[in-house]
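Heads up, the next two complexes both have chain A, just with different partners, chain B and then chain C.
Coming up: the complex of A and B.
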């Protein structure tokens, strides 16, 4: 560093100092960056780690106030064994899986078809509809749950997972359609022209060209639909009051908390198990997950 | 009707192929019919499950408690005269604005820090920092609730270990408000970080080089290059998050359930309490409709920002 500082300073006295200060500035910036990131990581990962810690402790150790809550003396899996042995909890899991699988399937069919039509076939009102999709995405579920409560009740679907399958698409369809429009619109027109010349019809064009080419987008949209239906909370809280039909989110929150003495270890074990599927999907498909998140803003 | 309209339009759109116009016209008619059928399920979802319930909410809000008589705007009148509800309005705005500002600032800061470290490590850090966004908020809030629990609070234990006092996180109104904001910021800041990081990556390096040659400091580069380039993304994410935060339900429901003394209720949780738990559906609908004006204003600006961005990208 001294060599680089010495040579140019003979010619231009100011420059050497400038390079030195730039380098110092860069190193200082790097140190700041790492310090900020470490603090952020502690803040972001602290709660889930503490949940994990609690779930691995015995009830006696959780209740022991003389020890640090952040330490653990012996690891036990009894909380997990107990919660997995609870038929009610397994029922929540089962309900969540059915509802999520159905909603993801319905969502993808609706939004891929609609996005294909909106991206490629201009027709009367298609522009208005595309804007409408975006506006619908901005309408929060908390604005709709009371009228939907009446409607679902009118259909006799309160306390049934079919009511959830009916209303969850309001959470997933608008955004999935929106990002699929973006992905489909980015496919070059030459591809569909070539397909048309070869005599393909619209359905073939969609299944043989658009879906394979836009596969990353479809994966991103599927992940989005999956995480949203898995995490949905407002609708099941409003529509489901019987434990038999509860999905995981409301099941864990309402049924595992009973009385004044909470089984904290079991509660945390249940919450972590319930959060596991989206976390696994995220761990393996992080790039698609992030593409789906950012697609809404960078593409549209 | 849709098929007629675009059939008439199609030849005008492709004048070069006028020779094949008769087959084209037939084709176009078929195409728009197909397109309409393809969008029909979407229209059903938007119309039947969003537009119809939204208008139904307005109708419901004008009924009396037993839903037998039309009472006009009386529900809104009663609510506005209610001390608790005025507190709800105040708390909703305070919660949403504070939380969104903090999320945006923390997200921007973290995105910047991530952008500055060598790209090899970025993936790992990004992966870790996004974890709060991935866990369903109702479940992660349970973890926070346990950490705030008065007698076993692990946060208070840490505070005590560093010589600080114990804090009544969920017991005292102001601390309860702050707790709700902390959890919301924890959950939402990673989203901002990811959005801003994507936006930062799309700013061409040449701009910074040019600014550096002109003698700009890091701060000037931020103010005169980064911020103008990201202005649109920043406004879209902030506005979007304002809607989501304003309409938040899970965190308040799990963490405080509106307490202490109904002082941490936001519109969504209060609407739930009044409409579903107390069984006054029309008044609950009226509460949730109070969210509508703000949503409309924000939606207008988001849409404008998105359109502008589309024009820039085109």
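Coming up: the complex of A and C.
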């Protein structure tokens, strides 16, 4: 097939060169794309690889500056064994999971309901509210943690994972609501009208039409909420000082760095273990992330 | 099954746009009524008010004798087919049709029976497990109709259901819709801007323009006795010709004096009807199909001969259209294809004066 395309045309002489140059252009585009992708991949994967290598080394080998940090002479799993054998570290893990699961659940319930209302029920001020929701997201957490510290402290929730469960949604809800408004708004209006005539009430319309149709959006929002609350650093640093309430992000850092002693092997092992759940969640949810789920609703 | 009654229905959108300006309409049980009119005439708005998707600003709507002004769509017992089908994309064809019945808590067996029956009527039995995205436009349209049929509602509402289909499929689905109506006999209100669709489907056609009803009647009635200039020009294709004229006395009879000197005798039986307008400047209306070549031995009464010089001649196969101009008014005549018509050559035309119309240009009413 491609051979025919490259052959100078007998019927239309002179066209062959044109086709050939198009193919050459395409090849160059591909080569450039691959080169930049490879460079990007090296950049992105370099640090995790470094972490992996370091986590598999003994402390002595890490400290040996005469060797290349990218080589490894003797693989050891002792760092992992120490981390996983440490009940405190397992506690960090547990805290992170509890906080993240609750935050994702709270976020999705609030933002799906809010987005549905803002996208579909026209009421006084709904436009302003929708914009306001997004503006909230633009305020960085580095600015907010001081007033929030007062609030969380006032509620007596400092040094408690419940304080985090309360505070993280301020980061996740606005953005997830924004994503969901976009997805809901893209659902054709006739679909609601058909459902209304078919006998659905608002709740049935949401659960039986909007949520299934906007599933890709819901998954995107879930991934976002998961990532934000799993990786949150500023708020737990500010609100949590006791190790038994710490999530992984600050637990690893605060417990494995004592003064200026860095337990590098364990730090890297802990960080890699901490990075694992998001990878698993992404891989799992991506299977369900079937874009273009609305295809076929209307004339198309 | 039910009749539908509209009383002085008004729709005013925010910003003061009056889309519907107080219309009255009575639709009988089992009747197939088509709302037709040009873009923006308010036909969709009217249909959506009947469906309950749009609030009415004033007036009353009754379905099956019960006032439904403040009743939500789901309790009006209506089913609607949308222009862009509005199928639920995540459900199979079967579930799309079953959805309304499931929400209404019908027993499983009954749902199954109805879906299968509708699928049989529409010939989509083999598509039941497919998702909408795996269907062609015509198949989606059938599913949308199936979703309405299974509900067995009091009224079917169709919102320009065929305008997204290509010409051939549109004709086919038109027949299909008519067949379905003859089978299930549910009262049907159908909106379209296509007058051919309106004429072929309707028991009665409602012609709307600028938010008011111009005329209601069976297709033949609208064709032969249009009430207004708008209806006269809207129904029929090619459209009726309108030529400015003066009504004059000619002996004991009347005649239509056209610009350029031609005078056409008005049939005797119309004399009384038109007498009061003697001497007035009026519009002479005649359909292209009543303006033909002069046939030898034509024994029809009331034929008048008109000399014309066509400027454009369009052979259509079964007929030939000849276009010429009288004082800026474009006139179209339908000729037998054997007629030797050519642009710029004189052609005598026969006007069937028994089919003529006179229109008062002040009121736009047909006299």
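Points worth noting:
The working rule: the second predicted complex is superposed on the first by the 241 of 300 C-alpha atoms of A that agree within 3 Å, B and C clash if a C-alpha of one lies under 4 Å from a C-alpha of the other, contacts with A are read in each partner's own complex, and residues count from 1 in each chain.
In this section, a residue touches a chain if its C-beta (ideal position, glycine included) is under 8 Å from a C-beta of that chain, and two chains touch if they have at least 3 such contacts.
Quick caveat: nothing in here was measured; it's all calculated off a predicted structure.
Touch criterion met: A:125 reaches chain B, while chain C stays clear of it. Of the two partner chains, chain B is the only one that A:267 touches; chain C does not reach it. In the overlay built on the shared chain, the residue A:89 is in contact with neither chain B nor chain C. In the superposed pair of complexes, A:188 makes contact with chain C only, with no contact to chain B. Of the two partner chains, chain C is the only one touched by A:212; chain B is not. Look at A:197: by the touch rule set out above, it reaches chain C but stays clear of chain B. Of the two partners chain B and chain C, it is B that touches the larger number of chain A residues. Overlap of the chain B and chain C interfaces on chain A: residues 293-294, 297-298, 300.
Across the interface of their complex, chain C is touched by residues 188, 190-191, 193-201, 204, 208-209, 212-213, 215, 293-300 of chain A. Listed in rising order, the residues of chain A touching chain B in the complex are 25, 29-30, 32-34, 36-37, 40-41, 43-45, 47-48, 50-51, 54, 62-63, 65, 68-70, 109-111, 113-114, 116-118, 121-126, 129, 131-136, 138-151, 166-167, 169-170, 173-174, 177, 202, 227, 230-231, 233-234, 237-238, 248-250, 252-253, 264, 267-268, 271-272, 274-275, 278-279, 282, 286, 289-290, 293-294, 297-298, 300.
Partner chain A is touched in their complex by these residues of chain C: 51-53, 72-74, 78-80, 82-90, 99-100, 103-104, 131-135, 137, 140, 147, 151, 164. Chain contact summary for the complex, chain B toward chain A: residues 1-3, 5-6, 31-32, 34-36, 38-39, 41-43, 45-46, 49-54, 56-57, 60, 106, 109-110, 113-114, 116-117, 125-132, 134-140, 142-144, 146-147, 151-152, 154, 157-158, 161, 186, 189-191, 194-195, 198-199, 202, 218, 233, 236-237, 240, 243-244, 246-250, 253-254, 267-268, 271-272, 275-276, 281, 284-285, 288-289, 291-292, 295, 298-299, 302-303, 306, 309-310.
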